[in-house]
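A, B, C and D label the chains in the order they appear, each numbered from 1.
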Amino acid sequence: MNAKTVVIGVIGADVHAVGNKVIDYALKNAGFNVVNIGVLSSQEDFINAAVETNADCIMVSSLYGHAELDCQGFREKCNEAGLNDILLYIGGNIVVGKQENAEVLERFSKLGFNRVYPPGVNIEAGIEDLKNDLNIK
Amino acid sequence: MNAKTVVIGVIGADVHAVGNKVIDYALKNAGFNVVNIGVLSSQEDFINAAVETNADCIMVSSLYGHAELDCQGFREKCNEAGLNDILLYIGGNIVVGKQENAEVLERFSKLGFNRVYPPGVNIEAGIEDLKNDLNIK
Amino acid sequence: MELTNKKLNIDEFLKTREEVLKTWSTGEQVKDLNQNINYAASIPKTKNFALILKKAKHDQVTLTQPRAGVALIPDHIELLKFLSEEGEADLLPTTIDSYTRQNRYESCALGIDESRRLGRSMLNGFPVVNHGVNGARQVQESLDKPVQARHGTPDARLMSEIIHAAGWTSNEGGGISYNIPYSKDVPLDKTIKDWQYCDRLAGIYEENGVPINREPFGPLTGTLVPPSMSNAVAIIEALLAAEQGVVHITVGYGQCGNQIQDIAAIKALEQQTDAYLKKYGYDRRVITTVFHQWMGGFPRDEAKAYAAIANASVTAALARVTKIIVKTTHEAFGIPTKEANANGLKCTKMVLNLLADQKVYMSKKLKEQTNIIKEETKCILDAVFEAGKGDLARGVVEAFKRGILDIPFAPSRHNANIILPARDSYGAVRYLDVGNVPLSDELKNYNRYMLEKRGITEKRPVNFQMTVDDIFAISEGRLVGKAKETRK
Amino acid sequence: MELTNKKLNIDEFLKTREEVLKTWSTGEQVKDLNQNINYAASIPKTKNFALILKKAKHDQVTLTQPRAGVALIPDHIELLKFLSEEGEADLLPTTIDSYTRQNRYESCALGIDESRRLGRSMLNGFPVVNHGVNGARQVQESLDKPVQARHGTPDARLMSEIIHAAGWTSNEGGGISYNIPYSKDVPLDKTIKDWQYCDRLAGIYEENGVPINREPFGPLTGTLVPPSMSNAVAIIEALLAAEQGVVHITVGYGQCGNQIQDIAAIKALEQQTDAYLKKYGYDRRVITTVFHQWMGGFPRDEAKAYAAIANASVTAALARVTKIIVKTTHEAFGIPTKEANANGLKCTKMVLNLLADQKVYMSKKLKEQTNIIKEETKCILDAVFEAGKGDLARGVVEAFKRGILDIPFAPSRHNANIILPARDSYGAVRYLDVGNVPLSDELKNYNRYMLEKRGITEKRPVNFQMTVDDIFAISEGRLVGKAKETRK
C-alpha cells in the first residue's frame, strides 16, 4: 500500500506539544506517513513541508486561542504554492474561550478549512474522516 | 419594658427542628417573649397559642416545601379567631425547589402573610423587621 | 405485647399484617405475601440492592446514590432515568414525600391532584402508598438499577409491604433513626415495634431467597451529631434488624467535616458493627457502609456547594465506604432540578474515580481518633444494654428517657435534648455538654479539653453560642464557626 | 560573556539594559531605574506580593490566585476586579498573551486592534509590553491586591522591567521553566542568562527596599512530569535566582493526582529548597510554595471539572501550601469567562476554608514517598552540579544535552525527550523509561517495579500506550488510564 502523507504541526506562537505528539503516534499507528513540523510553526513551514513531501493533508493544531489570527490567508497561500487540492484540517482549542460551535465552524470554513474540530474531539475522529476523504478503507 | 410576644413553630408535616431552636434562642436574646410550639404544628396549633398568649406576631417556619399546601386559608382562620391585626411572617424553604423569589413572594402575600423570607434569610433579618413593624427601637 | 428484642413470631406478624394492610386502600393489593415474594424474586439480580452492595464491598468500590422523588409516576420515572443515565448514579432512590411519612394519605391525594393541576410537583417526594404496588412496580420495571425507598417514616409498615412487593430491594430507616429526628410525639416503643415489623418483613423475603438490604438512617438530625452518638444508634438498629432475620445491613454516617474524625468514625462504625453482631450471635451478616455528604445547612453559592460536595466525596473515597449519598448545588434552596441532581452525582463520581486507586494510610492521629470514637460508643452501648437489663429494645426506650441516648436538635419529645455539641479547633465535633451520656471521666475530660482549647484560641466562652455559630459555619463558608459578631 | 552562575555585575547589567529597553518603543518609558524603584516603593505594603506571601506562610493559610488576562486595559481591569471581589481571589495575576511571550510585539499590536474592532479579546492574555508602564500602572492602581505577571516568556527582560516599574511585585518564570515547555529552539544558555537578568533586576529592587517575589514555573509541561524532575528544576531555578540577590522565592509544583505523592512532593520540595539554599550559602531567603491544580487535559463536563478543582484543593489544603493556582470549569474549552473563573476561585476557597484547620498527619507511606522523591531529586541535582563542574548554570545546559534533566512532552529541541512517564496502579507518576536520568539502581528498580505491578494487574505491556492512556485519563474521568480499546 502506498501510504498517504500528512503534515502535522502547531501553528503560530503556540507551544502546546502534548496533543501534537499524540497525533503523531496515532497517525503512524493508523498507517500514515507523518511529517511533523512541531510547535511554533508558521503557515510557510506547513506549506513548505507539504510541497516537499507531496502531502495529501495538512492537519493544523491550534490550542492557544490565536488560530483565527494565525490562519488568515492560509488557503490562498496553499493555492499559490500549487497545493490547490490539499486537504486542510484544523483542531484543538481553536478560538479564545468557550464559543458556539456552529459559528466557529463557519468562521474556519470561510478560511478554507475542509474540516474543523471543536475542543475535545480527539484525533481518532480526525483519522476516520481522513480515511473517508482519501478513500482509504 | 413590656416584652412583645411571638409564637413560633414549624407548620405541617415538617420536622426541621434546627432553625426553630435557633430562632427561639435569637428571639429571646433580642428580648421577645417566645411561645415555641415546635415542629409538626397545624394552623390551629399556631392560632390557639396566639389567642392564649395574646401574641403580636406569628412566625411560621416551613422548610420542607409544602408551605403552599399547609398555609391555605391561614389568614382567614386567624381572622375568624379574632386575630385580625396579628402579624404573619413566614420563612425557610417555603416552596418546592429553587423558584423565582418575586413570584413566591406574591403567592404568599396573597395568602395573607405580611412578610415572606426566601431561603437563606436568617432570623436576624426577621427580628429587625419585627422591631420595625412593632415600633420597637 | 410488651416490647422486647425478639424475633416476631409469624402468627403475631401476620395478625398485625392484616391490620396494617387496612390502613389505606392500596394495602389490599399486596395481601398475598407469597405472590409478593415471587414477584420480587423474579427481578434480575443486577437490580438487587443487597447483591450490588455486596459486590461493591468486595470490589472495594464506592457507589453513588442521589435523593429524588416527585409526586407523579411518569415524572418520577423520567427523573430517575435521567439520574441513572446523565448522572451516572449506581443506585437509585425513591424519596418519599412528607405526608406519606406521617401516614397522611389523604393529604397525599390532595398533593397528587394539585400537582396534576398545576403541572409541578407539589409534594416533596413520591407518595408510594397512594400509588400502590402497581405504581411502584412501574417505577422499578422502568429502570435497570436497584431501587431503594428513602423516607423518614415512623410507621413504615404499609410502605414497606408495598415497596418490597414491587421489587424495591432496599429500605432505609429504623425505630430510632426514623423517629427521633422525624417526629414530635411518637413513642419509641411504638416505632421500635413497627420497625421490628419492617425488619421481620425483610427477613421473611431473605429467608425466601430474596436478599433485602436494610439501612438505618445514620445522620439523624444531620447537625453536629457527635460520631459516637450516631454510631451507637446505627449499631443498635443493626442489632435490632439482625434479630428479625435481616442479613444485608448498611450502616451509615453523616459527614461531620473533620476529615480525620470522619474517616475514624467510618472505620469505628464498620468494625464495631461487625464486632457487636458477632458478639450477639448474628453470623453471616453482610455489613456495608454509607457516607452522607454534609447533612446540615448548605452553602447557597453553587461553586461553594460543589466544594462541599467534592470535599465530602474525597473523605468517602479515602475511607472506602460502600456507597455515598449525594447532595446537590440546590441543597440550600429546595428540591433540586434533575440537572442539578445529576451534576451533584457527576461531581461526586469524578472525585471517586480520581481517588479510586487511593486510600487513607494509618497515622497516629487516625488511630487515636478511631479509638476515642470506639470507646465513647462502647460507653453508650454498655449503658443502653444495662438500662434494658440485657434487652436491647427496652434498653433503648429507657436510655432515651434517661438521656443516655440523646440526639442534638431532635424534634422529638422523647429525646432528652440535654447534650450540646460543638466543634473543636480542628473542626471535629465534640460533646460541649455531655448531659447524661455516660462517657468515662477520661472521655468527658478529653471532650471538654478539646473545646476549652478552642475557647482559648478564639478568646470566647465555651457555650451554646459556639454551637449556634457552628450550625451556620458551613453554609457561611467555613467549618469552624466564628464568633457571632463577625456574622451577618 | 560566558555563562556562569555568578551575580551579574552592575555595569554589565546596565549595558545589557540599554539594549533591552530598545527592543520595543515602550522600553524608553522605564529608562530611569531609580524612578521605577521609587514608584514601586510607594505602593502600599498590602499590595506587595512578597510580603503578603510571607504573612500567609507565617499564618499557615493558603491563598488563592486565578489566571486571567485579556487584550485591552479597561476590560482587563474589570476582569481582575471581578475576580478579586466576586471570586474572592487573594492574589491577582496578569496572564500575558502568547505573542508577547515570543517578543512578537507587532502581532500584539494587530491583536489589540482586532480586539477593539471585534469587541472581543483576540489575544489570549494581556500584552503588557505594548501597553507599557503606564498601562501596567493603571492596572495595578485600580486594584487593592498584589499583582503578578504570569507568562511563559523565554526572554522576559523588557517585560520584567515594565512590570516591576509598574509596581507588580511578582514575576513568574525561569531560564529552564520558561524555555523548555515554552519554546522550540531557544538555546538554554540564552534563557538562563536572560533570566539572570530578570532575577538581578528583582534583586536590585530588593536591595533598594522593594521586596519582589520570584516564582519558578513548577508544572513545566503540566503533563505527567515525575515530581523529582519538576522539583529538581524548581530548586535549580531557586538557586539561580538567589545568586542574583532574589530573597522571596515561591517554588511550585503541579498536581500529579495521587494525593500521597502530591503531598510528599510538596514537603520534599519545601524541605530540599530550604536545605539547598542554605547549603550554598543563601541565607535569610523566604521560601513559599505554590500548588497548581491539575495542569493537564481537563474534563469537559462542568460538574466533573469542579470535582477536579475541588479535589486538587483538598490536596493543597492538607499539604498547607502557601498559594494555589486555580483552574476553571471552562479549562477544556478555552479562556474562561470571568464568571467561570470566579466560580473556580470560590469553589477552591470554600474547600480551603473547610479544611483550614486541618492538615495531613504523617503515615509510613507518606514518609516513604517523601524520601523517594528526595532521593531521586538528589540524584538529579548531584549530576547537574557535576556536569557543570560545580557551576550550576553551566551544569544545566550540559544536563539537558545529556538528558540528565529531561522533561516529558516538552516542545524544545534542547530537551532530550527520552524519558517516558506513566502512572502506577495507585496513580502516582513514575519513570517508565528513565532515559539518561541518573537515578540510583535502587530507585530505577523501584520505578520499574511499581509500573510492572500495574502492567500485571491490568494485563498489558508497560509501554508508551500506557503513557498515552494516562494523558487522557483525567479528561476522560479517571486518574489511571485504561487500555485504549475501552476509550472512544
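Criterion: contacts are C-beta pairs under 8 Å (C-beta built on N, C-alpha and C of every residue); 3 or more make two chains touch, one makes a residue touch a chain.
Remember, predicted model here, so these are calculated numbers, not experimental data.
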| task | Could you tell me which chains make contact with chain A and chain B both? | result | none
| note | Farthest chain from chain D by C-alpha centroid distance is chain B
| Centroid spacing, where centroids are CA-atom means, of chain A and chain D in whole angstrom | 30
| request: Could you grab the centroid distance between chain A and chain C? Build each centroid from C-alpha atoms only and quote it in angstrom. | output: 55
| request: Enumerate the residues of chain D that touch no fewer than two other chains. | output: none
| request: Quick one: label the inter-chain contact graph as line, ring, star, complete or other. | output: line
| All touching chain pairs, where touch follows the definition stated at the start | A-D, B-C, C-D
| message | Show me the residue ranges of chain D that touch chain C in the complex, using the header's touch definition. | response | 257-260, 299, 301-304, 306-311, 313-314, 318, 342-351, 353-358, 361-366, 425-427, 474, 477-480
| task | Show which residues of chain C lie in contact with chain B when the two form their complex. | result | 98-99, 101-102, 104, 107, 110-111, 114, 120-124, 152, 181-185, 221, 223, 296-297, 300, 330, 332-337, 340, 409-411, 464, 468, 471-472, 475, 488
| query | Can you name the residues of chain A that touch chain D in the complex? | reply | 12-18, 20-22, 25, 38-40, 64-66, 68-69, 93, 95-99, 119-120, 122, 124
